[in-house]
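There are structures below to look over.
Okay, so subunit A shows up in both of these, paired with subunit B first and subunit C after.
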Partner chain A sequence: MSDILTTPKSRRNAELLLLILALAVGVGANALAGLDQDKGFSRDFYVQSLTLAILVLAVHVVLRFRAKYADPVMLPIVAVLNGLGLAMIQRLDVAMDPPTTAAARQLMWTGIAAAVAIAVILLLKDHRVLRRFTYISLIISAALLILPLLPGVGMELNGARIWVNLGFATFQPGEIAKITLAIFFAGYLSTNRDLILLAGKKIGPLQLPRWRDMGPMLAAWLVSIGVLIFQRDLGSAILFFGMFMAMIYVATSRVSWVLIGLVMIAVGGFMAFKLFPHVTARIDGWLNAFDPDVYNRAGGSHQIVQGLFGLASGGLTGTGLGQGRPDLVTFANSDMIITALGEELGLIGVSAIVLLYLLLVSRGIRTALGTRDAFGKLLATGLSFTLALQCFVVIGGVTRLIPLTGLTTPFMAAGGSSLLANWLIVALLLLISHAARRPAPPAGLAGTHPPAGRPGRRRDSEQARLAAGAGEGEQR
Partner chain B sequence: MNQAIRSTWMVAVAMFALLFGALTVVQFFQADNLNANDWNSRTLYKDFDINRGAILVGGDPIAESVPSSDGFAFQRKYTDAELYAPLTGFYSLVYGATQLESAMNDQLSGSGNELLYDRIVRLFSGAQVEGASVELTIDPKLQQLAWDLLPDGVKGSIVVMEPKTGNILAMVSKPSFDPNKLAGHSSEKVVSNMANLEEVPGLSPFLNPATESLVAPGSVFKLVDTAAALESGKYNADSVLDNPAELKLPGTNVSLPNYVNGGCSARTKADFSFALEQSCNTPFAQIAWDLGEDAIAKQAEKFGFGQSFNIPVNVTASQFPTGMSKDLLAQAAIGQYDVRVTPLQVAMMTSAIANDGKLMKPNLIRTVRAPDLRVLQSPKPEQLQQSLSADHARQISQWMVNAVDRGIARNAAIPGVQVAGKTGTAELLAGSAGNNSWFTGFAPADNPQAVVSIVIQDVDLPTGSQLTSPNAKQLLEAVLNK
Partner chain C sequence: MSDLVVTALRFGFLILLWIMILGIVTAMRRDLVIGNRTKTGTPSARQVRRHPELADEQPPAQRIQARKLVVVEGPLAGTTLDLAASPILLGRAQEATLVLEDDYASGRHARLFPQGSRWFIEDLGSTNGTFLGDTQLTRALPVEPGAPIRIGKTVIELRP
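Up next is the complex of A and B:
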């Protein structure tokens, strides 16, 4: 197993400094939006700012005690994104007639999400524990995905059947399922990669897997298709399958898996386009967005075109927070929050936000590179790639790069399940990064690690590959 | 494994690179196109959040923006709405802007070039954009009087204009409408109000009838024939014209009669004065035959026919048909057949006669002022063209004075004042009982202060003549007594 080592330094003070900057941005945005809407510093503003500050500082303190080597950049990025999202949701609340209260709900969910993240860091301590729950995770994933389909529990909203009613709020179990699925894939693949690695036929330079090893991939494909058919959720289907493809590729290092996956996507996508009207409509609304018939049709391209108008009116520098009309776009505070931010912060502002996501994903990938166990590597890659894919699907959708699907922008969009799931992802990544960056365990495993005091050294990759086959599954 | 992780990262970076590209395309390269898209209500909403300048008459606003709390910062409000509706037009979320609201939009919304400096100052001070205000040349008392003289239920227009400057002092039309009904911010209400307005007979809420409706002029067109005759050099004040009781129209089996109830039958030979006083038809038909279609058309153009222009609201071009056979030319010469004029056109040709042949450009704008009351525009009188020589203009004025003194326009006479006038009656389609009744004239003849042109559409003869010359008298008196 290859390692990339950094000097084991805590970096918590750097995190604190970045957190203060992050809070300044989030709270500042909220203040500016309030001032521009002639609302000034209302009670809402103080409650939101204080709650946000207390929550992220609490996570920071917990990290100091329980995971002090964790990556210092992730939490500040999450704080900025969550703060900016909250400011925009609050700003849109005020603009609505009558005013809505989405920001209060979002603040409550931020609290729940941060609390769950703290609980995970405190209780889990080490991500490798999760490997024990590989198959339990599979069962939980299946349960979470079936839940919305059950009569009485599940409910349909805006054409997608992905919600359950909790009484006090609605919840999208699929958001949590992407984490449990990642845990299952990571556990399964890290255990069985030796088997999967046994090669089948060779076509040119392409090393094809054996037919019998196609099982897991076929299963993942069927799950995605199932989500597409029964829940009518194109975005989640893409997300699940993309995550699995990334993870099986990382587990095997074989491009053939990716090619097979792409073929399966093409087949599934074509079938979906031909068979399911809701998919056909999405594609049509994407290709012919400016066709008057498509624009005026219910569920047509009205939403995406209005979003484009919002982005365009922001231009390079934006209208300024509180000065645009992002409220004209349907679902401005959830699915379309990127267009709201693009309108008021401009290309410059929204690019900064996208850059933050890229940075977060990169830190996650860096964690995967640095961690010592295959399970951790797979999990960190899977979770990070999921974040990247989600950004791509959602921002690509609103900019008409790809068809618009109903995914949420991580940390920013109004929606409790998404917020909770993404905070959980970050909690897991923080734990894995703690494992990756802390000083190497002294006993037992010393042989597989270079001596301390030679930081930043990369082991020879050939040796790594040899080591990988043998020691991988036995680290715990 | 790490190599694969790195490749995965590369894929993620590539996806983000695509996102940056897509955002740049939408927010930078396509932004102008998207902002100009017809479906983009943002541009409209932006306009409706501006404190739009007022339109003023005699210092009082007839259209102004008042603070609103329905999601828009301001609501357009019209005072004396029906009286001024054809001038102001409306400013509607659903139907856009019309008339002055549209023609003066750059100034009213503060986006005109003159207001560039104000916009830059505001950019830094953060103050709200405010539009310029537009003061009209309209005299509110005259406008109200003209309105009151037009009874409800008739279709007609009155234009009062200063011949020396082209300034319009009054311009009213009936039926009218309340633009407040179209300026609301609830689309549903506005659409249903518009549907109701379109049911009103004779009303088109998008048009100003005085500048945009084309009407048969009838005998007031004889002023064009007279001018053409004098300008041709073939005729002069002493010319003797044939005045048969009726004229056989070649190629047809109908003849063109003189006005039955008039005094034309008294003479079979007439001079211009008599022909205009009694509004005889046959002499002018023969003049047209003599001079030819082109000569009449050319004189009509010199009076402003065939041109559309902006005062600053749009004025439709009046029409004189071409390529006519002799029988049709005879009818066109007396303002029938396909001759069509706007009420403003008739006021224009009258004012050219009143102003020694000089045709001034009609104008509605007195001043445009920035929010700090700085004057941005105050249009100077502008001569459009010389319509006829000063001598001929004075000659025609004299004949028009005779028409009021002892002719069929005598109801316009004001004791002690020389009033010049010409009436007209255009028969509408054969079989319809209605006529268009006209009066156009000015006073005093030796130093004209105002031109008054009145048209009452689709009425019977007695009502028509009652609503034209006597009303002109009252309006001219009001101008002179000021």
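Up next is the complex of A and C:
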């Protein structure tokens, strides 16, 4: 873990300029897709453009007041991705017969997500508060993961049991669980780093950890396997375990953890492939995608192959927004939105989108490098790695690099829970980057006041002593 | 609307998308310049040529390796601990490497860890802070042998 310092400077004006550009892209995409419909701009177009602009600018204004030094490029990137996704969902809505209303729902969830992000920035102020909730977040994560399995509340859709029925809408609690799990991992690893670092056996250049320190890794592995067995959700299982592996590697800088994790993934993956028919089907549809038997089977490779055909017909420059046929792919507006965009924007457009994700993740990692506290570093790394892993699993899945799994494309895919969770992640990253980039309190000040002389601190320490005394009493 | 206009708009949109990316990269450019406030790095040969006073620092080859940790002041005064290659946790908690019996220390107060040939001290979010010499730690700092580290009423030093 290293510190990299830059001169503190609020870059809110740069952010505003980029935001205007971002809104131009989002609104432009919507307008271009609407051009082909031959009936002028519908009411939907104005409602969507205005709402998106108001929401994004509201977040910007809140940042001006509460997190002045936050990273200037994260919000514009999120605005572009959200705008592009919204435009594509709207465009697919119109193409469906009869027209669907996914775009209106997506717009509503964008509003909720942006409002929650604003609330987090206003109420939280300092990310270090979250460290106090280390074990509470573990309990919340467990509750969120168990919720869809409860009869009555949970519901099964498309073979995966990851939804909760709220009455007016459905929700995937697993999306929020990845944030609470990141908070738990960051709190746990920043406190117990030294214990985990204690050296065990050494094999060649590889320093293995002690057996008893493998507990947390094993627990993360069991949770992921549990998600795979009970919820039948391969994507989330990969996401949770990959996030823990990345965070433990960043906390300890030991390659042996990554190797142990990869072995565990190999074992778990092989077992899942042999034991669970839904995993076997996914891998079969990946390896033998163009086999007519697999293509025509229910739940076979039809979806992924249609997506590939779409990408192929897009070519280098794409068919143009509103002029392709991405609606032929099943779940074109959620799982397969990348192929829909690839068909209409071409390789040039899709590589721009992938680059936007890369820039967003790199800003998150940069935030981790700049933060002064270990908890913030780990949290920022974990959250940005989650975004990166989601992109890899989804985009890799639809382009047939890896088996297709059910994760969502962050900020773009139709789906409220994913949108809400990813906006929350960005709100937390913005807060951490504010803490990282704001001017450090002058060092001289701290030196002139000895700690015992500070009344507030003194009281804290005495309370701590009392608490410690009480603890000892219980032990006796 | 004519085909020509639609095609122009189509390519215009792709260009706009890439202008957006160029804008973001431009905004990031200044941020990639790493500040020269990092105190742990040694000055480069070029910096020494320009500012001769930087060369006065001890060259790394002569640096004395710390081998022991000694408690100089406080309830545990006189305790010594041999330094191995693993980090040391300082605090009142029972799992700490050096369990401080100091009312002003936190459970997990600070950690000493080796990196390269030096030891670094890092505060773990303690209530009363950790002081290296006169400065309160805000980030990990290298510890030279003989420099006093103050945690509550305890003062420890590294010795060769």
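The rule is simple: the second predicted complex is superposed on the first by the 438 of 476 C-alpha atoms of A that agree within 3 Å, B and C clash if a C-alpha of one lies under 4 Å from a C-alpha of the other, contacts with A are read in each partner's own complex, and residues count from 1 in each chain.
Basically, a residue touches a chain if its C-beta (ideal position, glycine included) is under 8 Å from a C-beta of that chain, and two chains touch if they have at least 3 such contacts.
All of these numbers come straight from a predicted model, not from anything done at the bench.
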With the two complexes superposed on chain A, say which partner A:Gly346 touches: subunit B (first), subunit C (second), both, or neither. both
Output check: A:Leu32 vs subunit B and subunit C. Expected answer is one of first, second, both, neither. What do you get? second
Please indicate which partner A:Ser313 is in contact with in the superposed arrangement: first for subunit B, second for subunit C, both, or neither. first
So, A:Ala22: does it touch subunit B (first), subunit C (second), both, or neither? second
Which partner does A:Leu401 reach: the first (subunit B), the second (subunit C), both, or neither? first
Which superposed partner A:Leu197 touches (first subunit B, second subunit C, both, neither): second
Quick check on the superposed pair: does A:Leu328 touch subunit B, subunit C, both, or neither? Answer first, second, both or neither. first
Can A:Ala115 be said to touch subunit B (first), subunit C (second), both, or neither? neither
Touch test for A:Val354: subunit B only (first), subunit C only (second), both, or neither? first
Residues of subunit A at both interfaces, subunit B in one complex, subunit C in the other: 1, 4, 346, 374, 461, 464-465, 468
Residues on subunit A engaged by subunit C in the complex (per definition of touch): 1, 3-7, 11, 14-15, 17-18, 21-22, 24-25, 28-29, 32, 35-36, 72-73, 76-77, 80, 128, 131, 190-191, 193-195, 197-199, 317-318, 320-321, 345-346, 348-349, 352, 355-356, 359, 363, 366, 372-375, 440-441, 443, 446-447, 451-452, 457, 460-461, 464-465, 468
Considering the complex alone, what residue numbers of subunit A touch subunit B? 1-2, 4, 97, 246, 249-253, 290, 295, 305, 308-316, 325, 328, 342, 346-347, 350-351, 354, 357-358, 361-362, 365, 368-369, 374, 377, 381, 384-385, 388-389, 391-392, 395-396, 399-401, 461, 464-465, 468
Would you pull the subunit C residues touching subunit A in the complex into a rising list? 1, 6-7, 9-11, 13-14, 16-21, 23-25, 27-28, 31, 33-35, 37-38, 85-89, 92, 95, 97, 103-104, 106-108, 111, 113, 122, 124-125, 127-129, 131, 134-136, 138-140, 152
Across the complex, what residues on subunit B touch subunit A? 1-9, 11-13, 15-16, 18-20, 22-28, 30-35, 37, 39-42, 45-46, 70-71
